[in-house]
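Okay, got some structures for you below.
Here come two complexes built around chain A, the first alongside chain B, the second alongside chain C.
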Partner chain A sequence: MTRQVPLVLCFLFGIVMILTEFVPHSRSQGLYQGIVNWSLIISPFALVLAVATLIQTHWTRISRHTEHWQYSYVVFIGIIIMVLIGVPTFLNNVSFLSKIGLSFGPKSPIFEWLFNNVQVPMDATMFSLLAFFIASAAYRAFRARTFEATLLLITALIVMMGNVPIGDLIWNTVMAWTPWDDVTSTARQWILDNPNLSARRGIILGVSLGVISQSIRIILGIERSYLGGD
Partner chain B sequence: MKGQKILCPSPVVQGLVILVFVLGFGLNTFAQGVTPPMNVDAKDTPNDAGKSITITWEKAVDGISVANRVRGYQILRRIETGEFEEVGPLLPPETTEYKDSTIEEGTPYAYIVRAVTEDGTTFDSGETDFVKGTGEWFHTKKIPLFLAMLLFSIAIVWNIYHAQSGKEIFVRRIPGLEAVDEAIGRATEMGRSILYVLGLGGVSDVATIASMTILGQVARRTADYETPLRVPCNDPVVLNVVREIVRSSYLNEGRPDAYNEENIFFLTESQFAYAAGVDGIMVREKPAAVFLQGTFYAESLILAETGNSIGAIQIAGTASEHQLPFFIAACDYTLIGEELYAASAYLSKEPMLLGSLRGQDWGKLFIFAAIVLGVILELLGVNWITTFLQRVS
Partner chain C sequence: MLEKLMNIDRRIIFIAIALSVIIPTLLPVNLPITGSEPTQKLYDYIDALPPGSTIMLAFDYGPSSLAEPAPMAEAVMKHCFDKGVRIIGVTLIVDAVTLADKLMQKVSEEKGAVYGKDYVLLGFRPGVTQVILGMGTEIAGVFESDYTGKPLSEIPMMANITNYDQIDLLLDLSAGSTVEIWITYANVKYGLQIAAGVTGVIVSQMYPYLQTGQLVGLMPGFLGAAEYEKLINAPAKGTEGINTESFAHLLIVGLVIMSNIAFFVHQRQSVGASSRSQREE
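Then we have the complex of A and B:
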């Protein structure tokens, strides 16, 4: 019974959601929006549980003194500061706090300052690492050991030269005597528009069919691994 | 008699009078020169929820002088008991159609289209009949899509049904999935953990659901081998579903005691903070095997390269075609696109699931045939397939 009820619900909601795609009537769209709203309502409850697991994980790290356990204090300090400043909007009515320039809530200047000057730079730092990781991954991928890797290397060089300003500079100054105009840029565009786009579309077609097939398996209750096996 | 002469002027005088009238009227028309929008029509917009009416018209004719050129059109509407009021902004002079999406369903409206000249003079069209917006019960432009979905679904269901007959179904070897046992075995032998990353997708993301099904199979094996399985989650709902999946897998293998809920935990919803957290786990705990399965964005290479740097065997899989090159460059095995969705069937070897893969292949065959036929017909100058597909999309 505990397995059958979710399967029946999954079947019913799956069929209804498919039909709403083809029925533009306001009742159908209202039903669709209602179901989406239900799923949104679930999120806050799940978030409470998720934050509880986060606290539990870091509390365990501190209590067991696992490697780098001291950093777990940073998590707690971060959570406490952001909650204290971002949540209690009712404190904005306390005249004493207002007089000394303290404001609370997600639009509080302190909250915004912390977001813009702590979280955003840290995100940018992580994103910047990508440049170095791309270099190391490219070095491994483009080593010309096999025919395929050599082909990849040549293609990547053409696309790269067509993308960077120095490619245009080389072609239009050093190689200006050649009879072809802007050949790297043209070759890059041809590679992106033909072999690259064809391969991407092939993958997209396969993925789309895979998604439909997976959805049918789930709706019909054949695919039950997401319920934990069987 | 004198009076009669005045009342009946000579034909010359009559002609002069008529000429003056004609010229006076003509010059006045020549000065204005603008005709209002013609053939104004208002219709309920087809294939919508009944929340809009579409108004079409023929453009007004400009005057000669700059001041008499049409600057734009203003739509006005009224309900049966009301006055005309303006709807929407002043539309550019080349516009001949407007969709009024601010109506109430079921209420009749009448429209006029007002041409506004550069000097602010207005020329109103005639009033349309009263029209009301009604919702349709089927989107007629989506009939081909509906039929394609129906046909493809029938093909899959038919193959699933026939798979139950017991006839063996051939599935090509997928190295990434063959390596799952190898990766788990390696982690077990080394006495290290397995890290399973589901990416940034929510629970409604099909790639995440596919990833969960693989996780269920991986958890069954880790339950057998008693290998620690660590799953850092990015989405709170996914966290709860994943806990249930892994717990059930351990239960099904008869090892509920080996299940440790603390190993499936929430990190953060922020993309790069999540990448930093997972990287930290990799560097500190040095898992022997890393699974990167699901939906990934810019963090894909950050995760894969860190996994590579610690020497873990990495099996990646995603449907995001932009991230596939990064995984192929940095991971040992990569499930490309549809292979991610085939994983559950491949790992479980259940006939019904394998049957659905054959149905999927029929769909691919059909699309392939349509592409080949389309190319041949295009070369012969026949373009009805191309036209049909462009119209459908």
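Then we have the complex of A and C:
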């Protein structure tokens, strides 16, 4: 029963949603809108589930003293502080708290300060580290060992130089004697417009066909891995 | 020597990259920026909109990648406010609301735009696909109030806006896969015109949609931001960013070329040494 009910629901909703795409009748569109509204209501529960999983994972780390378990306390401190400041907007009506300058919700100055001065720099720092690792990895691994690797290397160098104005500046200065201007950006654009576009379209078509076939398998109950278990 | 060059200490590369970013930031340079067609198309589309038109700006990027999409958003907002085009801000990424709010306030103060009349920030709702589909029927069905909690019915700008039919363009400023979701559910199903401003790493994924016309324009990374700033004659963070990025790219290209020269010379020497030893045997 625990497996049959989800399978039946999946089949019914899958078929209904497909049919509503092809039936422009007002009742069909009303049904479609109703289902979209339901899923809008269900979506926030995914966030609740995510927070619950996060708490469970870090609580397990602390209780089992796994590697770097101390950092899990930082996760809890972060969650508690942001929730205490960001969520209870009803406290804005408490005159005592307003008098001492405390406000709550996403527009609270404390919330905004923490976001702008803690989360933004930390996130930006993590992402910025990529530049260093990419440079180091490119130096070590980007070598013309084979014909294919050489093609990839040349293409990458052209796109990299064509993506920044210094590429055209160098070309127009060093190759000023040639009749062609802005060759690096033109070459980059040609690569993006032709080989890149063709390859991407092939990938999109392949992925789309895969998604369609997998969706049919799920609707018909052939693919059941989403139910968990074996 | 060649061995050393090929296996250079990565910390030296790290320092070189840091310097290639820090020096141009401290000593700004002005490199000539040539416009590309996708950015020009977006500019032309917005420029052709009559005053009173409405565009939706989707701030679909988080703090980690704001360096590229934020200057794009700023440039487009300046252009819109100058033209009298109204802006509805929305996001599918929870982190982006505060970023969007800060940026919209900054640009509106600079341009004298009024909240509720010239622009509005709806904020975030969970459920990416459902949010896009829901707004196609009724925006107020998804966002009953704006980011500050004010009901949409009390916002003058939203009085005549029900769904995508009253939106002239959606510009998705993205650092992920949201552009494709907007195209699939808002363009294909509801016919909403879509343009994108994306980070450099996902630019190549956008070209099939540009060719089919599903994207009316595209701002590719820092370059797109700098190009748009040039088009509106207001150089700002995008122009600074692309100038700095130029030197980082130049350094990486130089390092790759240097490592390949060392690799080839080393390979040739190894082949020569092995053939000499074979002859001696």
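Basically, the second predicted complex is superposed on the first by the 204 of 230 C-alpha atoms of A that agree within 3 Å, B and C clash if a C-alpha of one lies under 4 Å from a C-alpha of the other, contacts with A are read in each partner's own complex, and residues count from 1 in each chain.
By definition in this document, a residue touches a chain if its C-beta (ideal position, glycine included) is under 8 Å from a C-beta of that chain, and two chains touch if they have at least 3 such contacts.
Only a predicted model underlies this, so the values are computations on that prediction, with no experimental measurement involved.
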Per the contact definition in the header, classify A:Asp193: touching chain B only (first), chain C only (second), both, or neither.
second
In the overlay, answer first, second, both or neither for which of chain B and chain C A:Ser185 touches.
second
Should A:Ile204 be classified as contacting the first partner (chain B), the second (chain C), both, or neither?
both
Answer with first, second, both or neither: which of chain B and chain C does A:Ser98 touch in the superposed model?
neither
Scan A:Leu220 for contacts with chain B and chain C and give back first, second, both or neither.
first
State whether A:Ser63 touches chain B only (first), chain C only (second), both chains, or neither.
neither
If we overlay the two complexes on their shared chain A, which of chain B and chain C does A:Asn163 touch? Say first, second, both or neither.
second
Quick check for you: in the superposed arrangement, does A:Asn117 touch first (chain B), second (chain C), both or neither?
neither
Which chain A residues lie in the overlap of the chain B contact set and the chain C contact set?
39, 42-43, 46-47, 119, 122-123, 126-127, 134, 136, 138, 140, 200, 204
Enumerate the contact residues on chain A facing chain C in the complex.
33, 36-37, 39-40, 42-44, 46-47, 89, 106-107, 111-112, 115-116, 119-120, 122-124, 126-127, 131-132, 134-136, 138-140, 142-144, 153, 157, 160-161, 163-169, 182, 185, 189, 192-193, 196-197, 200-201, 204
Can you check the complex and tell me which residues of chain A touch chain B?
18, 21-29, 39, 42-43, 46-47, 49-51, 53-54, 56-57, 60, 67-68, 119, 122-123, 126-127, 129-130, 133-134, 136-138, 140-141, 200, 203-207, 209-218, 220, 222-223, 225-230
Residue ranges of chain C in contact with chain A within the complex
7-8, 10, 13-14, 16-18, 21, 31-34, 36-37, 62-67, 95, 97-99, 101-102, 125-127, 130-131, 133-134, 137, 141-142, 147-149, 200, 203-205, 207-208, 211, 220-221, 223, 226, 242-243, 245-253, 255-257, 259-260, 263-264
Looking at the complex, which residues from chain B come into contact with chain A?
47-51, 105, 135-139, 142, 145-146, 149, 152-153, 156-157, 160, 204, 206, 209-210, 212-214, 216-217, 220, 233, 236-237, 239-241, 244-249, 251-252, 262, 265-268, 270-273, 275-276, 284, 298-299, 301-302, 304-305, 319, 321, 324-326, 328-330, 336-338, 340-342, 344, 348, 352-353, 356-357, 359-360, 363-364, 367
